[in-house]
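What follows is a group of structures, each given as C-alpha coordinates.
Each of the next two complexes has subunit A plus one other chain: subunit B in the first, subunit C in the second.
Let's turn to the complex of A and B:
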(Lines of atoms letter the chains of each structure in order from A and count residues from 1; the text may use other names and numbers.)
(Lines give C-alpha, C1' and ligand atoms only; values in the text may rest on other atoms or scores of the structure.)
Protein backbone atom coordinates (compact mmCIF):
# COMPACT_ATOMS: atom_id res chain seq x y z
CA UNK A 1 0.00 0.00 0.00
CA UNK A 2 1.03 3.59 -0.52
CA UNK A 3 2.44 5.53 2.39
CA UNK A 4 -0.38 8.05 2.17
CA UNK A 5 -3.00 7.42 -0.50
CA UNK A 6 -4.10 11.07 -0.34
CA UNK A 7 -0.77 12.08 -1.82
CA UNK A 8 -1.24 9.81 -4.77
CA UNK A 9 -4.58 10.94 -6.08
CA UNK A 10 -5.52 11.10 -9.71
CA UNK A 11 -6.48 14.50 -11.16
CA UNK A 12 -10.02 15.31 -10.09
CA UNK A 13 -10.98 17.11 -13.26
CA UNK A 14 -10.16 14.09 -15.41
CA UNK A 15 -11.91 11.67 -13.05
CA UNK A 16 -15.00 13.88 -13.06
CA UNK A 17 -15.01 13.99 -16.85
CA UNK A 18 -14.75 10.20 -17.11
CA UNK A 19 -17.63 9.77 -14.65
CA UNK A 20 -19.83 12.28 -16.50
CA UNK A 21 -19.13 10.61 -19.82
CA UNK A 22 -20.08 7.21 -18.43
CA UNK A 23 -23.40 8.32 -16.94
CA UNK A 24 -26.52 9.58 -18.72
CA UNK A 25 -26.77 13.33 -19.28
CA UNK A 26 -28.02 15.41 -16.39
CA UNK A 27 -27.05 13.05 -13.60
CA UNK A 28 -25.70 14.81 -10.53
CA UNK A 29 -22.55 13.43 -9.00
CA UNK A 30 -22.00 14.58 -5.44
CA UNK A 31 -18.63 15.96 -4.43
CA UNK A 32 -18.26 13.20 -1.90
CA UNK A 33 -18.97 10.57 -4.55
CA UNK A 34 -16.37 12.08 -6.88
CA UNK A 35 -13.72 12.05 -4.19
CA UNK A 36 -14.62 8.48 -3.27
CA UNK A 37 -14.38 7.29 -6.88
CA UNK A 38 -11.03 9.00 -7.26
CA UNK A 39 -9.71 7.26 -4.16
CA UNK A 40 -11.18 3.98 -5.34
CA UNK A 41 -9.31 4.44 -8.62
CA UNK A 42 -6.00 4.89 -6.79
CA UNK A 43 -6.67 1.76 -4.77
CA UNK A 44 -7.53 -0.04 -7.98
CA UNK A 45 -4.14 0.91 -9.45
CA UNK A 46 -2.35 -0.41 -6.36
CA UNK A 47 -4.38 -3.60 -6.31
CA UNK A 48 -3.81 -4.22 -10.02
CA UNK A 49 -0.11 -3.45 -9.67
CA UNK A 50 0.29 -5.85 -6.80
CA UNK A 51 -1.56 -8.62 -8.69
CA UNK A 52 0.46 -7.99 -11.85
CA UNK A 53 3.67 -7.95 -9.85
CA UNK A 54 2.88 -11.38 -8.46
CA UNK A 55 2.65 -12.72 -12.00
CA UNK A 56 5.98 -11.13 -12.87
CA UNK A 57 7.59 -12.59 -9.75
CA UNK A 58 6.27 -16.04 -10.57
CA UNK A 59 7.92 -15.77 -13.98
CA UNK A 60 11.10 -14.44 -12.34
CA UNK A 61 10.91 -11.14 -14.15
CA UNK A 62 11.61 -7.78 -12.61
CA UNK A 63 9.69 -5.71 -15.12
CA UNK A 64 5.91 -5.68 -15.29
CA UNK A 65 4.67 -6.29 -18.81
CA UNK A 66 1.34 -6.15 -20.62
CA UNK A 67 0.65 -9.83 -20.03
CA UNK A 68 1.02 -9.37 -16.28
CA UNK A 69 -1.52 -6.57 -16.24
CA UNK A 70 -4.00 -8.57 -18.31
CA UNK A 71 -3.53 -11.61 -16.06
CA UNK A 72 -4.14 -9.35 -13.07
CA UNK A 73 -7.43 -8.15 -14.55
CA UNK A 74 -8.54 -11.75 -14.88
CA UNK A 75 -7.58 -12.54 -11.33
CA UNK A 76 -9.43 -9.49 -10.07
CA UNK A 77 -12.49 -10.69 -11.98
CA UNK A 78 -12.49 -7.76 -14.35
CA UNK A 79 -12.54 -10.01 -17.40
CA UNK A 80 -14.92 -7.54 -19.00
CA UNK A 81 -11.96 -5.14 -19.36
CA UNK A 82 -9.77 -7.60 -21.26
CA UNK A 83 -11.21 -7.05 -24.71
CA UNK A 84 -11.30 -3.22 -24.60
CA UNK A 85 -7.81 -3.25 -23.08
CA UNK A 86 -6.38 -5.39 -25.87
CA UNK A 87 -7.97 -3.17 -28.47
CA UNK A 88 -6.71 0.00 -26.83
CA UNK A 89 -3.20 -1.41 -26.55
CA UNK A 90 -3.17 -2.23 -30.23
CA UNK A 91 -4.23 1.29 -31.15
CA UNK A 92 -1.69 2.69 -28.72
CA UNK A 93 1.14 0.62 -30.18
CA UNK A 94 0.18 1.63 -33.69
CA UNK A 95 0.10 5.23 -32.58
CA UNK A 96 3.56 4.99 -31.05
CA UNK A 97 4.97 3.37 -34.19
CA UNK A 98 2.91 5.38 -36.60
CA UNK A 99 3.47 8.82 -35.13
CA UNK A 100 6.58 9.38 -37.22
CA UNK A 101 5.15 7.74 -40.31
CA UNK A 102 1.92 9.70 -40.11
CA UNK A 103 3.66 13.03 -39.81
CA UNK A 104 5.91 12.13 -42.72
CA UNK A 105 2.92 11.04 -44.72
CA UNK A 106 1.13 14.29 -43.99
CA UNK A 107 4.11 16.28 -45.13
CA UNK A 108 4.21 14.26 -48.33
CA UNK A 109 0.47 14.77 -48.85
CA UNK A 110 0.95 18.50 -48.65
CA UNK A 111 3.86 18.50 -51.05
CA UNK A 112 2.10 16.61 -53.80
CA UNK A 113 -1.51 16.66 -54.80
CA UNK A 114 -3.44 13.40 -54.51
CA UNK A 115 -4.04 13.05 -58.24
CA UNK A 116 -1.47 10.47 -59.21
CA UNK A 117 -2.41 6.89 -60.01
CA UNK A 118 1.17 5.70 -59.79
CA UNK A 119 1.29 6.56 -56.10
CA UNK A 120 3.10 3.41 -55.12
CA UNK A 121 5.90 3.60 -57.61
CA UNK A 122 6.43 7.22 -56.71
CA UNK A 123 6.69 6.42 -53.05
CA UNK A 124 9.18 3.70 -53.78
CA UNK A 125 11.25 6.10 -55.79
CA UNK A 126 11.26 8.59 -52.97
CA UNK A 127 12.33 5.97 -50.48
CA UNK A 128 15.22 5.02 -52.70
CA UNK A 129 16.21 8.63 -53.05
CA UNK A 130 16.24 8.99 -49.28
CA UNK A 131 18.47 5.97 -48.94
CA UNK A 132 20.79 7.34 -51.57
CA UNK A 133 21.04 10.58 -49.66
CA UNK A 134 21.83 8.85 -46.42
CA UNK A 135 24.54 6.56 -47.68
CA UNK A 136 27.06 9.14 -48.86
CA UNK A 137 26.77 10.86 -45.48
CA UNK A 138 27.62 7.66 -43.72
CA UNK A 139 30.64 7.22 -45.91
CA UNK A 140 31.74 10.74 -45.18
CA UNK A 141 31.48 10.08 -41.49
CA UNK A 142 33.62 6.99 -41.82
CA UNK A 143 36.24 8.93 -43.73
CA UNK A 144 36.24 11.65 -41.12
CA UNK A 145 36.89 9.11 -38.43
CA UNK A 146 39.78 7.68 -40.35
CA UNK A 147 41.29 11.11 -40.73
CA UNK A 148 40.98 11.75 -37.04
CA UNK A 149 42.67 8.50 -36.25
CA UNK B 1 -8.46 8.77 -55.23
CA UNK B 2 -6.58 6.21 -53.26
CA UNK B 3 -4.93 8.86 -51.19
CA UNK B 4 -8.08 10.81 -50.44
CA UNK B 5 -9.66 7.63 -49.09
CA UNK B 6 -6.66 6.71 -47.01
CA UNK B 7 -6.09 10.04 -45.39
CA UNK B 8 -9.34 10.29 -43.39
CA UNK B 9 -8.68 6.78 -42.03
CA UNK B 10 -5.33 7.82 -40.76
CA UNK B 11 -6.74 10.95 -39.20
CA UNK B 12 -9.39 8.86 -37.45
CA UNK B 13 -6.73 6.62 -36.06
CA UNK B 14 -4.70 9.43 -34.64
CA UNK B 15 -7.70 11.15 -33.13
CA UNK B 16 -8.94 7.95 -31.46
CA UNK B 17 -5.40 7.38 -30.34
CA UNK B 18 -5.40 10.71 -28.60
CA UNK B 19 -8.68 9.77 -26.99
CA UNK B 20 -7.59 6.27 -25.89
CA UNK B 21 -6.60 7.54 -22.49
CA UNK B 22 -7.32 10.73 -20.61
CA UNK B 23 -5.63 10.01 -17.29
CA UNK B 24 -1.98 11.01 -17.07
CA UNK B 25 0.29 7.98 -17.31
CA UNK B 26 2.95 9.76 -15.24
CA UNK B 27 0.64 9.95 -12.25
CA UNK B 28 -0.40 6.33 -12.63
CA UNK B 29 3.25 5.34 -12.75
CA UNK B 30 3.83 7.26 -9.52
CA UNK B 31 1.04 5.33 -7.82
CA UNK B 32 2.32 2.02 -9.18
CA UNK B 33 5.85 2.81 -8.04
CA UNK B 34 4.60 3.59 -4.55
CA UNK B 35 4.15 -0.14 -4.19
CA UNK B 36 7.43 -1.27 -2.60
CA UNK B 37 7.75 -4.57 -4.48
CA UNK B 38 7.58 -3.05 -7.94
CA UNK B 39 10.95 -2.41 -9.52
CA UNK B 40 10.13 -1.49 -13.09
CA UNK B 41 7.15 -1.25 -15.39
CA UNK B 42 7.27 -1.38 -19.14
CA UNK B 43 5.43 1.15 -21.27
CA UNK B 44 2.68 -1.24 -22.41
CA UNK B 45 1.98 -2.33 -18.84
CA UNK B 46 1.73 1.30 -17.76
CA UNK B 47 -0.60 2.11 -20.63
CA UNK B 48 -2.83 -0.89 -19.85
CA UNK B 49 -3.03 -0.02 -16.17
CA UNK B 50 -3.98 3.57 -17.00
CA UNK B 51 -6.63 2.41 -19.44
CA UNK B 52 -7.91 -0.19 -16.98
CA UNK B 53 -8.26 2.52 -14.33
CA UNK B 54 -10.46 4.54 -16.65
CA UNK B 55 -12.61 1.50 -17.40
CA UNK B 56 -12.81 0.87 -13.69
CA UNK B 57 -13.99 4.41 -12.95
CA UNK B 58 -16.70 4.11 -15.62
CA UNK B 59 -17.71 0.66 -14.40
CA UNK B 60 -17.92 1.71 -10.76
CA UNK B 61 -19.91 4.85 -11.62
CA UNK B 62 -22.36 3.03 -13.88
CA UNK B 63 -22.81 0.06 -11.54
CA UNK B 64 -23.50 2.38 -8.59
CA UNK B 65 -25.83 4.60 -10.55
CA UNK B 66 -27.84 1.67 -11.89
CA UNK B 67 -27.84 0.10 -8.46
CA UNK B 68 -29.47 2.79 -6.38
CA UNK B 69 -28.72 6.22 -7.83
CA UNK B 70 -31.33 6.10 -10.58
CA UNK B 71 -34.33 7.06 -8.47
CA UNK B 72 -32.78 10.32 -7.38
CA UNK B 73 -30.89 10.99 -10.64
CA UNK B 74 -27.87 11.50 -8.42
CA UNK B 75 -24.75 9.50 -7.78
CA UNK B 76 -23.96 9.83 -4.10
CA UNK B 77 -21.52 8.34 -1.68
CA UNK B 78 -24.05 5.87 -0.32
CA UNK B 79 -24.62 4.46 -3.83
CA UNK B 80 -20.92 3.73 -4.09
CA UNK B 81 -20.69 2.23 -0.62
CA UNK B 82 -23.60 -0.03 -1.44
CA UNK B 83 -21.94 -1.22 -4.65
CA UNK B 84 -18.70 -1.94 -2.79
CA UNK B 85 -20.62 -4.02 -0.32
CA UNK B 86 -22.91 -5.86 -2.70
CA UNK B 87 -20.80 -6.57 -5.76
CA UNK B 88 -18.14 -9.23 -5.48
CA UNK B 89 -15.64 -7.53 -7.79
CA UNK B 90 -15.82 -4.29 -5.80
CA UNK B 91 -15.30 -5.91 -2.41
CA UNK B 92 -11.71 -4.70 -2.24
CA UNK B 93 -13.13 -1.19 -1.89
CA UNK B 94 -15.06 -1.77 1.32
CA UNK B 95 -12.14 -0.41 3.38
CA UNK B 96 -12.13 2.95 1.66
CA UNK B 97 -15.89 3.03 1.00
CA UNK B 98 -17.33 2.14 4.39
CA UNK B 99 -21.06 2.41 4.74
CA UNK B 100 -22.00 5.44 6.73
CA UNK B 101 -24.48 4.89 9.48
CA UNK B 102 -25.86 7.13 12.14
CA UNK B 103 -24.38 6.75 15.59
CA UNK B 104 -27.93 6.21 16.88
CA UNK B 105 -28.39 3.24 14.54
CA UNK B 106 -24.97 1.87 15.39
CA UNK B 107 -25.69 1.95 19.11
CA UNK B 108 -29.02 0.34 18.46
CA UNK B 109 -27.41 -2.47 16.50
CA UNK B 110 -24.87 -2.93 19.29
CA UNK B 111 -27.71 -3.31 21.75
CA UNK B 112 -29.35 -5.75 19.40
CA UNK B 113 -26.20 -7.83 19.22
CA UNK B 114 -25.87 -7.90 22.96
CA UNK B 115 -29.47 -9.01 23.26
CA UNK B 116 -28.84 -11.76 20.73
CA UNK B 117 -25.80 -12.91 22.66
CA UNK B 118 -27.79 -12.96 25.85
CA UNK B 119 -30.27 -15.33 24.24
CA UNK B 120 -27.63 -18.02 23.83
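Let's turn to the complex of A and C:
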Protein backbone atom coordinates (compact mmCIF):
# COMPACT_ATOMS: atom_id res chain seq x y z
CA UNK A 1 0.00 0.00 0.00
CA UNK A 2 2.22 2.79 -1.27
CA UNK A 3 1.12 6.16 0.07
CA UNK A 4 2.23 9.26 -1.74
CA UNK A 5 2.74 12.54 0.11
CA UNK A 6 -0.11 14.08 -1.88
CA UNK A 7 -2.56 11.50 -0.56
CA UNK A 8 -1.76 12.05 3.06
CA UNK A 9 -3.34 14.99 4.77
CA UNK A 10 -3.69 15.70 8.43
CA UNK A 11 -7.28 15.51 9.70
CA UNK A 12 -9.12 18.75 8.95
CA UNK A 13 -11.00 18.68 12.23
CA UNK A 14 -7.77 18.62 14.23
CA UNK A 15 -6.09 21.31 12.15
CA UNK A 16 -9.15 23.51 12.54
CA UNK A 17 -9.15 23.00 16.28
CA UNK A 18 -5.48 23.90 16.60
CA UNK A 19 -6.02 27.06 14.54
CA UNK A 20 -9.07 28.13 16.52
CA UNK A 21 -7.30 27.65 19.83
CA UNK A 22 -4.38 29.73 18.62
CA UNK A 23 -6.51 32.65 17.50
CA UNK A 24 -8.62 35.00 19.60
CA UNK A 25 -12.39 34.54 19.82
CA UNK A 26 -14.39 36.11 17.04
CA UNK A 27 -11.80 35.41 14.39
CA UNK A 28 -12.90 33.18 11.51
CA UNK A 29 -10.85 31.20 9.10
CA UNK A 30 -11.84 30.74 5.48
CA UNK A 31 -11.97 27.26 4.02
CA UNK A 32 -9.16 28.11 1.63
CA UNK A 33 -6.93 29.37 4.40
CA UNK A 34 -7.62 26.25 6.46
CA UNK A 35 -6.81 24.00 3.54
CA UNK A 36 -3.59 25.90 2.86
CA UNK A 37 -2.53 25.66 6.49
CA UNK A 38 -3.22 21.93 6.45
CA UNK A 39 -1.09 21.56 3.35
CA UNK A 40 1.64 23.67 4.91
CA UNK A 41 1.58 21.39 7.95
CA UNK A 42 2.15 18.34 5.76
CA UNK A 43 5.03 20.07 4.03
CA UNK A 44 6.42 20.92 7.44
CA UNK A 45 6.35 17.26 8.48
CA UNK A 46 8.20 16.23 5.34
CA UNK A 47 10.77 18.97 5.62
CA UNK A 48 11.38 18.32 9.33
CA UNK A 49 11.67 14.60 8.68
CA UNK A 50 14.18 15.09 5.92
CA UNK A 51 16.21 17.48 8.02
CA UNK A 52 16.13 15.20 11.06
CA UNK A 53 17.09 12.24 8.93
CA UNK A 54 20.23 14.02 7.81
CA UNK A 55 21.33 14.24 11.41
CA UNK A 56 20.67 10.56 11.94
CA UNK A 57 22.62 9.65 8.83
CA UNK A 58 25.49 11.86 9.89
CA UNK A 59 25.62 9.98 13.17
CA UNK A 60 25.55 6.73 11.17
CA UNK A 61 22.25 5.70 12.66
CA UNK A 62 19.40 4.15 10.76
CA UNK A 63 16.79 5.10 13.29
CA UNK A 64 15.58 8.65 13.56
CA UNK A 65 15.37 9.73 17.18
CA UNK A 66 13.96 12.64 19.13
CA UNK A 67 17.36 14.32 19.32
CA UNK A 68 17.55 14.39 15.53
CA UNK A 69 14.19 16.12 15.37
CA UNK A 70 15.23 18.73 17.92
CA UNK A 71 18.42 19.37 15.98
CA UNK A 72 16.32 19.75 12.84
CA UNK A 73 14.12 22.35 14.52
CA UNK A 74 17.17 24.41 15.30
CA UNK A 75 18.45 24.05 11.76
CA UNK A 76 15.07 25.12 10.38
CA UNK A 77 15.20 28.21 12.61
CA UNK A 78 12.36 27.09 14.84
CA UNK A 79 14.33 27.49 18.06
CA UNK A 80 11.24 28.80 19.76
CA UNK A 81 9.84 25.26 19.57
CA UNK A 82 12.72 23.66 21.43
CA UNK A 83 11.61 24.38 24.98
CA UNK A 84 7.97 23.31 24.61
CA UNK A 85 9.08 20.26 22.65
CA UNK A 86 11.52 19.19 25.34
CA UNK A 87 8.83 19.56 27.98
CA UNK A 88 6.32 17.57 25.96
CA UNK A 89 8.93 14.89 25.39
CA UNK A 90 9.46 14.47 29.13
CA UNK A 91 5.76 13.98 29.73
CA UNK A 92 5.55 11.60 26.80
CA UNK A 93 8.47 9.54 28.03
CA UNK A 94 6.89 9.19 31.44
CA UNK A 95 3.68 8.00 29.83
CA UNK A 96 5.59 5.51 27.76
CA UNK A 97 7.40 4.21 30.81
CA UNK A 98 4.12 3.57 32.54
CA UNK A 99 2.82 1.74 29.51
CA UNK A 100 5.91 -0.42 29.29
CA UNK A 101 5.68 -1.30 32.93
CA UNK A 102 2.13 -2.49 32.40
CA UNK A 103 3.04 -4.67 29.44
CA UNK A 104 6.15 -5.95 31.16
CA UNK A 105 4.13 -6.91 34.19
CA UNK A 106 1.87 -8.92 31.92
CA UNK A 107 4.83 -10.66 30.32
CA UNK A 108 6.36 -11.41 33.69
CA UNK A 109 3.13 -12.95 34.81
CA UNK A 110 3.05 -15.14 31.74
CA UNK A 111 6.64 -16.31 31.57
CA UNK A 112 8.38 -16.54 34.91
CA UNK A 113 11.98 -16.33 33.72
CA UNK A 114 14.84 -15.48 36.10
CA UNK A 115 16.59 -13.41 33.40
CA UNK A 116 14.09 -10.57 33.27
CA UNK A 117 16.84 -7.94 32.88
CA UNK A 118 17.91 -9.16 29.45
CA UNK A 119 14.34 -9.38 28.30
CA UNK A 120 13.81 -5.76 29.21
CA UNK A 121 16.54 -4.30 27.01
CA UNK A 122 15.65 -6.55 24.12
CA UNK A 123 12.01 -5.58 24.40
CA UNK A 124 12.87 -1.90 24.42
CA UNK A 125 14.72 -2.19 21.15
CA UNK A 126 12.02 -4.28 19.57
CA UNK A 127 9.24 -1.95 20.61
CA UNK A 128 11.09 1.20 19.61
CA UNK A 129 11.85 0.18 16.07
CA UNK A 130 8.96 -2.17 15.47
CA UNK A 131 6.62 0.74 15.84
CA UNK A 132 7.20 1.86 12.29
CA UNK A 133 5.96 -1.44 10.95
CA UNK A 134 3.52 -2.60 13.55
CA UNK A 135 0.98 -0.13 14.82
CA UNK A 136 -0.55 -0.14 18.28
CA UNK A 137 -4.11 -1.42 18.60
CA UNK A 138 -5.82 1.89 19.17
CA UNK A 139 -4.35 3.41 16.07
CA UNK A 140 -5.18 0.34 14.01
CA UNK A 141 -8.83 0.72 14.92
CA UNK A 142 -8.73 4.32 13.83
CA UNK A 143 -7.19 3.47 10.51
CA UNK A 144 -9.74 0.73 9.88
CA UNK A 145 -12.46 3.28 10.50
CA UNK A 146 -10.98 5.46 7.83
CA UNK A 147 -10.94 2.73 5.22
CA UNK A 148 -14.53 1.71 5.88
CA UNK A 149 -15.73 5.26 5.58
CA UNK B 1 17.86 15.33 26.84
CA UNK B 2 17.75 12.16 28.91
CA UNK B 3 17.64 14.05 32.23
CA UNK B 4 14.78 12.93 34.41
CA UNK B 5 12.56 15.76 35.59
CA UNK B 6 11.76 15.59 39.28
CA UNK B 7 8.83 17.97 39.04
CA UNK B 8 5.97 16.87 36.80
CA UNK B 9 5.53 19.11 33.78
CA UNK B 10 2.05 20.35 33.08
CA UNK B 11 1.15 19.29 29.56
CA UNK B 12 0.22 22.16 27.30
CA UNK B 13 -2.88 20.34 26.12
CA UNK B 14 -6.30 21.24 27.38
CA UNK B 15 -8.39 18.19 28.25
CA UNK B 16 -8.82 16.37 24.93
CA UNK B 17 -12.11 14.82 26.08
CA UNK B 18 -13.93 18.08 25.61
CA UNK B 19 -13.26 17.95 21.90
CA UNK B 20 -15.34 14.80 21.47
CA UNK B 21 -18.82 16.35 21.51
CA UNK B 22 -17.72 19.35 19.50
CA UNK B 23 -16.14 17.33 16.77
CA UNK B 24 -18.55 14.42 16.50
CA UNK B 25 -20.81 16.32 14.15
CA UNK B 26 -17.98 17.16 11.82
CA UNK B 27 -17.79 13.91 9.93
CA UNK B 28 -15.60 10.91 9.39
CA UNK B 29 -12.29 12.50 10.17
CA UNK B 30 -13.44 13.56 13.59
CA UNK B 31 -14.66 10.02 14.18
CA UNK B 32 -11.17 8.78 13.63
CA UNK B 33 -10.00 10.90 16.55
CA UNK B 34 -12.86 9.84 18.77
CA UNK B 35 -12.47 6.11 18.30
CA UNK B 36 -8.80 6.45 18.93
CA UNK B 37 -9.59 7.94 22.29
CA UNK B 38 -12.48 5.71 23.24
CA UNK B 39 -11.40 2.24 22.26
CA UNK B 40 -8.43 0.28 23.50
CA UNK B 41 -6.88 0.11 26.94
CA UNK B 42 -6.37 3.41 28.69
CA UNK B 43 -2.63 2.86 28.86
CA UNK B 44 -2.28 2.56 25.10
CA UNK B 45 -4.35 5.67 24.43
CA UNK B 46 -2.97 8.02 27.08
CA UNK B 47 0.39 8.64 25.43
CA UNK B 48 -1.19 9.65 22.14
CA UNK B 49 -3.38 12.22 23.87
CA UNK B 50 -0.34 14.42 24.34
CA UNK B 51 -0.49 15.08 20.64
CA UNK B 52 -3.64 16.32 18.97
CA UNK B 53 -2.45 15.02 15.63
CA UNK B 54 -2.74 11.27 15.02
CA UNK B 55 0.70 9.70 15.29
CA UNK B 56 -0.18 7.04 12.73
CA UNK B 57 -0.81 9.67 10.10
CA UNK B 58 2.37 11.56 10.94
CA UNK B 59 4.31 8.32 10.75
CA UNK B 60 2.78 7.48 7.37
CA UNK B 61 3.83 10.88 6.07
CA UNK B 62 7.36 10.39 7.34
CA UNK B 63 7.56 7.02 5.64
CA UNK B 64 6.95 8.54 2.22
CA UNK B 65 10.53 9.80 2.41
CA UNK B 66 12.60 7.05 0.75
CA UNK B 67 15.69 8.00 2.77
CA UNK B 68 13.97 7.33 6.07
CA UNK B 69 14.27 3.73 7.21
CA UNK B 70 13.21 3.73 10.83
CA UNK B 71 11.94 6.29 13.26
CA UNK B 72 11.57 5.93 17.00
CA UNK B 73 8.15 6.48 18.54
CA UNK B 74 9.55 9.51 20.32
CA UNK B 75 10.64 11.12 17.10
CA UNK B 76 7.19 10.62 15.57
CA UNK B 77 5.67 12.21 18.63
CA UNK B 78 8.05 15.18 18.57
CA UNK B 79 7.33 15.84 14.94
CA UNK B 80 3.60 15.69 15.63
CA UNK B 81 4.02 18.15 18.46
CA UNK B 82 6.25 20.44 16.40
CA UNK B 83 3.66 20.44 13.62
CA UNK B 84 1.05 21.54 16.10
CA UNK B 85 3.28 24.43 17.18
CA UNK B 86 3.89 25.26 13.55
CA UNK B 87 0.16 25.47 12.79
CA UNK B 88 -0.35 27.76 15.78
CA UNK B 89 2.52 29.94 14.67
CA UNK B 90 1.49 30.32 11.05
CA UNK B 91 -2.12 31.01 12.02
CA UNK B 92 -1.07 33.78 14.40
CA UNK B 93 1.41 35.30 11.99
CA UNK B 94 -1.13 35.29 9.20
CA UNK B 95 -3.72 36.95 11.40
CA UNK B 96 -1.57 40.07 11.51
CA UNK B 97 -2.19 40.58 7.81
CA UNK B 98 -5.93 40.04 8.15
CA UNK B 99 -5.99 42.65 10.89
CA UNK B 100 -4.05 45.06 8.69
CA UNK B 101 -6.80 44.62 6.14
CA UNK B 102 -9.35 45.25 8.94
CA UNK B 103 -10.77 41.78 8.52
CA UNK B 104 -11.84 39.26 11.12
CA UNK B 105 -11.60 36.37 8.73
CA UNK B 106 -8.27 34.81 7.95
CA UNK B 107 -7.92 34.34 4.23
CA UNK B 108 -5.56 32.53 1.92
CA UNK B 109 -3.82 35.76 0.92
CA UNK B 110 -2.94 36.44 4.57
CA UNK B 111 -1.13 33.16 4.59
CA UNK B 112 0.70 33.98 1.37
CA UNK B 113 1.79 37.28 2.84
CA UNK B 114 3.11 35.62 5.98
CA UNK B 115 5.03 33.04 3.97
CA UNK B 116 6.64 35.73 1.88
CA UNK B 117 7.53 37.96 4.79
CA UNK B 118 8.71 35.52 7.43
CA UNK B 119 12.07 33.75 7.06
CA UNK B 120 11.07 30.60 8.89
CA UNK B 121 8.29 30.02 6.35
CA UNK B 122 10.55 30.34 3.33
CA UNK B 123 10.53 26.55 2.88
CA UNK B 124 6.82 26.79 2.04
CA UNK B 125 7.28 29.01 -0.99
CA UNK B 126 5.98 27.29 -4.09
CA UNK B 127 4.69 24.27 -2.20
CA UNK B 128 1.04 25.18 -1.69
CA UNK B 129 -1.67 24.84 -4.34
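Things worth noting here:
The rule we apply is simple: the second predicted complex is superposed on the first by the 92 of 149 C-alpha atoms of A that agree within 3 Å, B and C clash if a C-alpha of one lies under 4 Å from a C-alpha of the other, contacts with A are read in each partner's own complex, and residues count from 1 in each chain.
The definition used in the following text is that contacts are C-beta pairs under 8 Å (C-beta built on N, C-alpha and C of every residue); 3 or more make two chains touch, one makes a residue touch a chain.
Because the structure is predicted, anything quoted here is derived from the model rather than measured.
Look at A:104: by the touch rule set out above, it reaches neither subunit B nor subunit C. Of the two partner chains placed by the overlay, only subunit C lies in contact with A:12; subunit B stays clear of it. In the superposition on chain A, contact is made by A:42 with both subunit B and subunit C. Once chain A of one complex is fitted onto chain A of the other, the partner contacts of A:64 extend to both subunit B and subunit C.
In the superposition on chain A, no contact is made by A:74 with either subunit B or subunit C.
In the overlay built on the shared chain, the residue A:85 is in contact with subunit B and with subunit C. Using the contact criterion defined above for the overlaid structures, shared-chain residue A:30 touches subunit B and also reaches subunit C. The partner that reaches more residues of subunit A, of the two candidates subunit B and subunit C, is C. When the two complexes are overlaid on their common chain A, residue A:22 makes contact with subunit B and with subunit C alike. On subunit A, the patch touched by subunit B and the patch touched by subunit C overlap at residues 3, 5, 8, 10-11, 14-15, 17-19, 21-23, 26-30, 32-33, 36-37, 39-50, 52-53, 57, 62-66, 68-70, 73, 76-78, 80-81, 84-85, 88-89, 91-96, 98, 102. Across the complex, subunit A meets subunit C through its residues 3-5, 8, 10-15, 17-19, 21-23, 26-30, 32-33, 35-37, 39-50, 52-53, 57, 62-70, 73, 76-78, 80-81, 84-96, 98-99, 102, 127-129, 131-132, 135-139, 141-143, 145-146, 149. Across the complex, subunit B is touched by residues 1-3, 5, 8, 10-11, 14-15, 17-19, 21-23, 26-30, 32-33, 36-37, 39-50, 52-53, 57, 62-66, 68-70, 73, 76-78, 80-81, 84-85, 88-89, 91-96, 98, 102, 105, 109, 114, 117, 119 of subunit A. Touching subunit A in their complex are the following residues of subunit B: 1-4, 7, 10, 13-14, 16-17, 20-24, 27-28, 30-32, 34-35, 37-45, 47-49, 51-62, 64-65, 69, 73-77, 79-81, 84, 88-89, 92-93, 96-97. Subunit C makes touch with subunit A in their complex at residues 1, 5, 8-9, 11-12, 14, 19, 22-23, 26-33, 35-36, 39-41, 43-48, 50, 52-65, 67-79, 81-92, 94-95, 98, 104-108, 110-111, 115, 119-121, 123-124, 127-129.
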